[in-house]
Amino acid sequence: MAATERDAVSLGGAAPVMSPDLIMQVAPGTPAREMSYQEAIREALREEMTRDASVFVMGEDVGKHGGAFGVTRTLFDQFGGARVRNTPISENTIVGAATGAALVGMRPVIEIMFVDFSGLAMDQICTQAAKLRFMTGGQCQVPWVLRMPQGGGAGKSTAAQHSQSLETWFAHIPGLKVVLPSTPYDAKGLLKAAIRDNNPVIFLEHKFLYSFRGLVPDQDYVLPIGKCDVKRVGTDVTIVASGYMVWHAMLAAQMLEREGVSVEVIDVRAISPLDRETIGASARKTGRVVLVAEAVRDYGPTGEWAMAVTEQAFDYLRAPVVRVTGRNSPVPFANSIEDGVWPRTDDVLQAVRQVMAY
Amino acid sequence: MAATERDAVSLGGAAPVMSPDLIMQVAPGTPAREMSYQEAIREALREEMTRDASVFVMGEDVGKHGGAFGVTRTLFDQFGGARVRNTPISENTIVGAATGAALVGMRPVIEIMFVDFSGLAMDQICTQAAKLRFMTGGQCQVPWVLRMPQGGGAGKSTAAQHSQSLETWFAHIPGLKVVLPSTPYDAKGLLKAAIRDNNPVIFLEHKFLYSFRGLVPDQDYVLPIGKCDVKRVGTDVTIVASGYMVWHAMLAAQMLEREGVSVEVIDVRAISPLDRETIGASARKTGRVVLVAEAVRDYGPTGEWAMAVTEQAFDYLRAPVVRVTGRNSPVPFANSIEDGVWPRTDDVLQAVRQVMAY
Amino acid sequence: MNPDKSTLLEMYRRMVRIREFELASMDLFKRGQVKGAVHPYIGQEASGVGVCMALRRDDLIAGTHRSHGHNIAKGADTARMMAEILGKVTGYCKGRGGSMHIAAFDTGSLGALAVVGSGIPLAVGAALAFQMRGEDRVAVPFTGEAGSNTGNWHEGLNMAAVWNLPVVFVLENNHYGVSTNIKDAVKVDDLSVRAQAYGIPGERVDGFDVLDVYDAATRAVERARRGEGPTLLVTEAYRFEGHYAGEPEVYRNRQEVDQYRQFDPIPRFREYLLKENKATDAELDAIDTEIKQEIARAIEFARSSPEPEPATAMDYVYA
Amino acid sequence: MNPDKSTLLEMYRRMVRIREFELASMDLFKRGQVKGAVHPYIGQEASGVGVCMALRRDDLIAGTHRSHGHNIAKGADTARMMAEILGKVTGYCKGRGGSMHIAAFDTGSLGALAVVGSGIPLAVGAALAFQMRGEDRVAVPFTGEAGSNTGNWHEGLNMAAVWNLPVVFVLENNHYGVSTNIKDAVKVDDLSVRAQAYGIPGERVDGFDVLDVYDAATRAVERARRGEGPTLLVTEAYRFEGHYAGEPEVYRNRQEVDQYRQFDPIPRFREYLLKENKATDAELDAIDTEIKQEIARAIEFARSSPEPEPATAMDYVYA
C-alpha cells in the first residue's frame, strides 16, 4: 500500500484531526506561517538541501510521485533526479548505500515507505550504521536520517503489515538516535537537527499527523535531539507521550482542566537518547504519572519511561505509574476490531482519573 | 565468526563456569544424567526428530559441521542431509522457508548462527511468521522454532556484531513466543515444548551457557512456555532474571544468604508471553526487586518487568526497583573495555545491597 | 498444449470474474465502502489465470499486495473475498486481513503478503515440504517485476535451484513498481535472463495471452512435478489502472496506457475463441452475465454480513 | 597490461606481507594471545593484491570477516593491524574492532563488516557519492562466493548496475562458506554468469595468479573510472586453512587441500618473476626478510602497546 497525501487526509475518517490550538509553540509576534506536518517536513528537506549540497533524498518513489505519503513531492522538480533519487525495492541496500555515502561525506535522507518494511533493513540500520563509528574506533561517522512513516488509527484499515509503531526496535540500539515529532513545528526543527547531526537518526513520522496543521516560524531554527519538550505545564499529574499520542494527552489535559485537574504533558520528542531528567523532575513534582504510547504494550517504550520514573522519583510517587498503549496484537483490518487497537483520548482520560483516584 | 563447542569452552576464560549445584532442578531419586546445556539441546532435537517425522533442522552449516556452536553435531549422521539441512547464506529466506514448510504441516527447527544476524531476517520473523495466523483469520499456524545463540561475556571478544542480546526485538511482537533457557534441564524441556508448540517460538541460547552442566531426567518431559520459574525461594528481596543472568542471581543469592539476606530468584524463562503473576506475587512478598538482563539498558527487557512490578505490587514496594543491565553501548573487542559491558555477580550483589539499604 | 473446450471456457470465466471483481472493488473503494487500499489486477488477468489453470487444487500459490486476481484464478470464492475486503467476519480471513492479505487455504492460496518479495520464501518452504514428503505438488509464488530486485527474490530462486524444488516463480512484468518504470529499476530488458544466475530455465511469455501463459506454465509445472526443479516464468503485461484505486499516476501519460489497453487480454481471448470456433457469442455472453450476477451476489453477501465481534479482537494472535 | 618492475615487486611484497601476517596471527591465536577469532586469507593473496594494486589510494574497498589480506593489499600498516587484533589502543580501531572489523580509512579501507554481504551496500553508496560529486574514484566490495547468495549481494549489484556506478564487485571463490562447499549452495559452476542478471560484464579469473587478477581488475577499474559502470570479477582460489584458525575442517579431506596448495600463489609468482627475469633470487629473498622483520616489529609494537583505558569505554558510541 502506498498512499498519498490526499489519501492520508481522505482516509482519516474515524479519529479526530485535532485543533492546532491545542499545541501553541510559536510565541505571539514571531513571523510564522501555518502549515501541515507534511509541509513542515518537506520544507525542512528543501531548506537543508538548499543549504548543503551534500544533503540528498533517496527512497522508493520519492521522485515525481513524492514518496509513499507525498512528503517529497515537488522536491524532484526543484532538485532533479540525482538528488531526489528513486531506488529499486531494496530496503536493506537503500539504507546501506546511504551509510556508504555518509561515510564519504554525504548527508543522505532516506525514506522507507512504512516502518513495517524496516524488518528488511534491520541489519544495515542496527548492526552496521549504528555501530560503524564505534567499531572503527571513531575513524568515521554516519550522518544519515532515515524517515519512516509509522502508526495507524483513524479507521485507515492498513492492517497488520502497514500499521505498526516500532520505535523500540531502534531505541534499543546504542548509536542510533530516535525521533518522533508530534507537531509541524517539532517536525521541521527536529528534521533539520537530524540532518545536521553526525549520527544516524531514525525519524518516525506518524501517518495520521501528516495533515495536522500548526504554526512554523519563518526563520531558520533547529531543535535539540535528546531533550523532552514540556508541552503543557501542570501540577497534579504528568503524562509522558510521544508522536500522535501527545495530541491525545493534550486533549485529555484540556478536558481535565475543566474537572480541576492540572496536567503536565511531557513530549518525548526523542525517545533515544532519552532525557530522563525532564521526566524525573516532572514526576517528582506531580507524584502521578501516566505513560502513553501507540506501540503494542509488551516491551514497548513505556517500560523504559517507567524505569526513568522509578529511578528518579520513587519516593515522590503517590500512585503506581499507569500506561496506555496499543493493544497487544497485530493490527486487524476490520474497523470493528481495529477499533480499540490504538489508544484514544478516552483511554488517557481514564488513566489519569485512575492515578488521581488512587 | 563461527566458533565450535570446543571454542566456546576454550574461549570462556574470564567469567566463571558456575557450579551445577547452584541450580538443582531434578528431585533426588529421579533417574537422570548430567549433561551440558549444549547436549541437552541436542538431545531435545534428537528425541523430537525421532518422535515426529515432520520435525527437521535447517540452517547454515548445521550438517556435518554441527552449526556455529556444534549444537547439531551428530544429528546429520543419524538423520541425514534431508532432515539436517545445510542452507545457503540467506537468513531471511531460511526463516521464510521454515514458515512455508510449517504452513503445510512441517515443524522446522531453524538456526541462525548468531542472533546478531537476525537483523537480516526480521521481516520474515516479525512481519510474516508472527502475524500470518492472525492475518488469515486463523486459517493456518506456523509451528517453527528459531534457535539463535546470543550474548557474550567471558572474555570471548566477539565484538560488536557477534555479541548482542536482542530478545526485546522479538518480545515486542505479538504472535511470537520468546524463550531464554538458563540450564540444561530448562533448555531440554523448553525446546521440546517449543517444538510441539503451534506458534513460532524464538529460542535464544546463551553462548556462554553451552558448556554449563546439570542434571537432566531420563524420562521425556516438557516445560510450560509462559511461566516463570522460581529458581530459589526467599523472603527479603526478589531478583528477576533470565538466561545466563540467572546464574549471577543464584550466585549472588548464595553469597547474600551468608549475610543473612534471603533472596528469591525468578527465572523469566519465557519473556513472552510474560508471566506477570509470578513476578507480581514475589514482589508483593518481598517488597524489594532487582531486575537483571544482559541486553543493553535502554528499552531492554527490564522495563517491561518493572511495569509488571509497578502494576501488581506498587503498594508493597519498600524500595525503587533497581536494574542491572548491559552497558548502553555496542560491544567492544578489547578486554579492558569489554570488561564491564555485561553484568557480573558483583553488580547483582551491589544492586541487592542497594535495595536492602533503601 | 491443446486445452479442451471446458478448460477454455473456464479460462474465460475466471478472467471475466477477476475483471468484474476488480471493477466492483474499485467502485466500492471510490465510494468509501472499502477501507485501506485496493490494488487492481486489471490488464493482468491472463497471467494469473494462465498460470493457475495449469495447477491442481492441491498446488499452492503465494501472493502479493495485488492478489485478488491470483486468488480468483486459483479458484477462491468471490463472495468470501468480497466479504474480506469489506472487513466482514464471513470473509476468508474473518475480516482480519482485508484486500492486501486475502488467503484462501482451501483452494490453495497461502496468502497475500504485502511486503514485496516476502511471499517467495514461503513458497520455497512449502515446496521443500512437498519434496521431503515425496508429494508431487508444486508451489507458485507471484511477484511483480519490481519485486525481482528484492533480496528475497534472489535468495529464494537460489535456494529452490540448489535444492531442485518444485517451484514455478512467476514474475509479472506490468512495467511499474508504484511510480517507477522497470527501466529505472533494472538494467536488463528481458527479466527471464535472471534465471541464468541460478542455473534454472527462464522463459518469457506474452502476459496478455492466456494460452501462451498457460502453455509455458504447464510445461514449467510438469517439470517441477517430475522433480526437475524450478523455473522462472516472466509474463509481460501492463497495469491498466493506477498502482492502487485512486492513485494519481503522475509518472505516465494516457497515451501509454491507452496503447497497452489495446492488448486487453479479455476481448483478445474472446475473439480467439470465436474465431477458432471454440465458443459462440451466446455462450460467452452467458458467462459474462453469470459472472456479473455472481459479483452482485458477492457484494450483497459481503454487505449483509456482520463485522467481527469486538470481543473476538484477540483471537488468532496465538494458536 | 605490462606492470613495471617496481609494481611487480610491490605485488610480491604485499602477498608475502599478507602471508606472514596471517601466519603470525594464527600462531598468536593458537597461543591464546589473540582473542575472538581469526579468519586467515592464506591461499587467496593473489586475489586481494591483484585487485588492490589496480586501485589508487583514494579508491575504497569494503571488506568481510576475512579481511586482513584486503587491508594489507590496500596498503594498511601491519603494526596498527596487529595492534588491533591484539585489542590495543594503538590499533586502527583503537581496540574496538578486532580481527573481524579492521578498518583503515587512511589507506582507503571502509572497514570489515562481519555480517556476510553487508559491506556491499556500503561500497555501492560510496560509489554513488563519487558519481554525484563527479569524482573519478572507484569502490570495491569483496565477498566470498557464499556471500553471493545473500540478498545484499543481489540488491547491491542491481542498484549499481541501474545507476551505472563505479563499483568493481570482487567475488572470491575459495570454494567454502564455513563447511559448505559452493556446489551445495549454488547450482551454477561459473559464478560470473550472475552478472548477466544485472546487464553488467562478468569475468572469471585465476585467483592464484596475481597478474591475471591484476589485469582483469585494471580493466574493470578503468571501466568504472570512465563512467561505464560496474563489473563483477570472480577470482577462483581456495581456502588453504580452516574457516578460522583452529577450525576442525570435518567437511573436507587433506588430499583436497594439498592438491590446491600446489597452486600456492606466492611460490608461483616468485617462479614467474625469476623465469621472466623480472627479479633475482636475492631481491626476492631480501623482500622475504624485510617482511619477516616488519611482522616481528608489528608483533612487538602490538604487544608493547596498552589496551584502551576503561574510562574510554563509552567513546565513539555517538559522534
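To keep things simple, chains are lettered A, B, C and D as they appear, and every chain counts its residues starting from 1.
The working rule: a residue touches a chain if its C-beta (ideal position, glycine included) is under 8 Å from a C-beta of that chain, and two chains touch if they have at least 3 such contacts.
Owing to the predicted nature of the structure, the values given are computational and were not obtained by experimental measurement.
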item: Chain separated most widely from subunit A, comparing mean CA positions; value: D
item: Computed distance of Cα centres, subunit D from subunit A, in Å; value: 41
item: Distance from subunit C to subunit A - Cα centre to Cα centre, in angstrom; value: 36
item: Euclidean distance of C-alpha centroids - subunit C vs subunit D, Å; value: 45
item: Residue numbers of subunit D (touch at least two other chains); value: 93, 95-97, 101, 113, 115, 149-152, 155, 158-159, 162, 184-186, 317
item: Residues of subunit B whose C-beta touches two or more other chains; value: 87-88, 90, 92-93, 116-117, 119-120, 123-124, 127, 134-135, 159-161, 174-175, 328-330, 332
item: Chain contact topology (line, ring, star, complete or other); value: complete
item: Contact footprint of subunit A on subunit C as seen in their complex; value: 35-37, 39, 65, 87-89, 93, 95-98, 100-101, 113-117, 146-147, 149-151, 177-180, 184-186, 243-244, 246-248, 250-251, 307-310, 312-314, 317
item: Subunit A-touching residues of subunit D, taken from the complex the two chains share; value: 60, 62, 91-97, 101, 103, 105, 110-111, 113, 115, 118, 120-130, 132, 139, 151-152, 155-156, 158-159, 162, 315-319
item: Subunit A residues within the subunit B interface of the complex; value: 92, 116-120, 122-127, 130-131, 134-135, 159-161, 166, 168-169, 171-175, 271-274, 295-296, 298-307, 310-311, 314-315, 317, 319-321, 323, 328-330, 332
item: Contact footprint of subunit C on subunit B as seen in their complex; value: 56, 82-83, 87-88, 90, 92-93, 95-106, 108, 123-124, 127-128, 132-143, 174-175, 177, 198-199, 273
item: Residue ranges of subunit B in contact with subunit D within the complex; value: 1-4, 6-7, 11, 60-61, 63-65, 86-90, 92-93, 116-117, 119-120, 155-162, 327-330, 332-337, 339-341
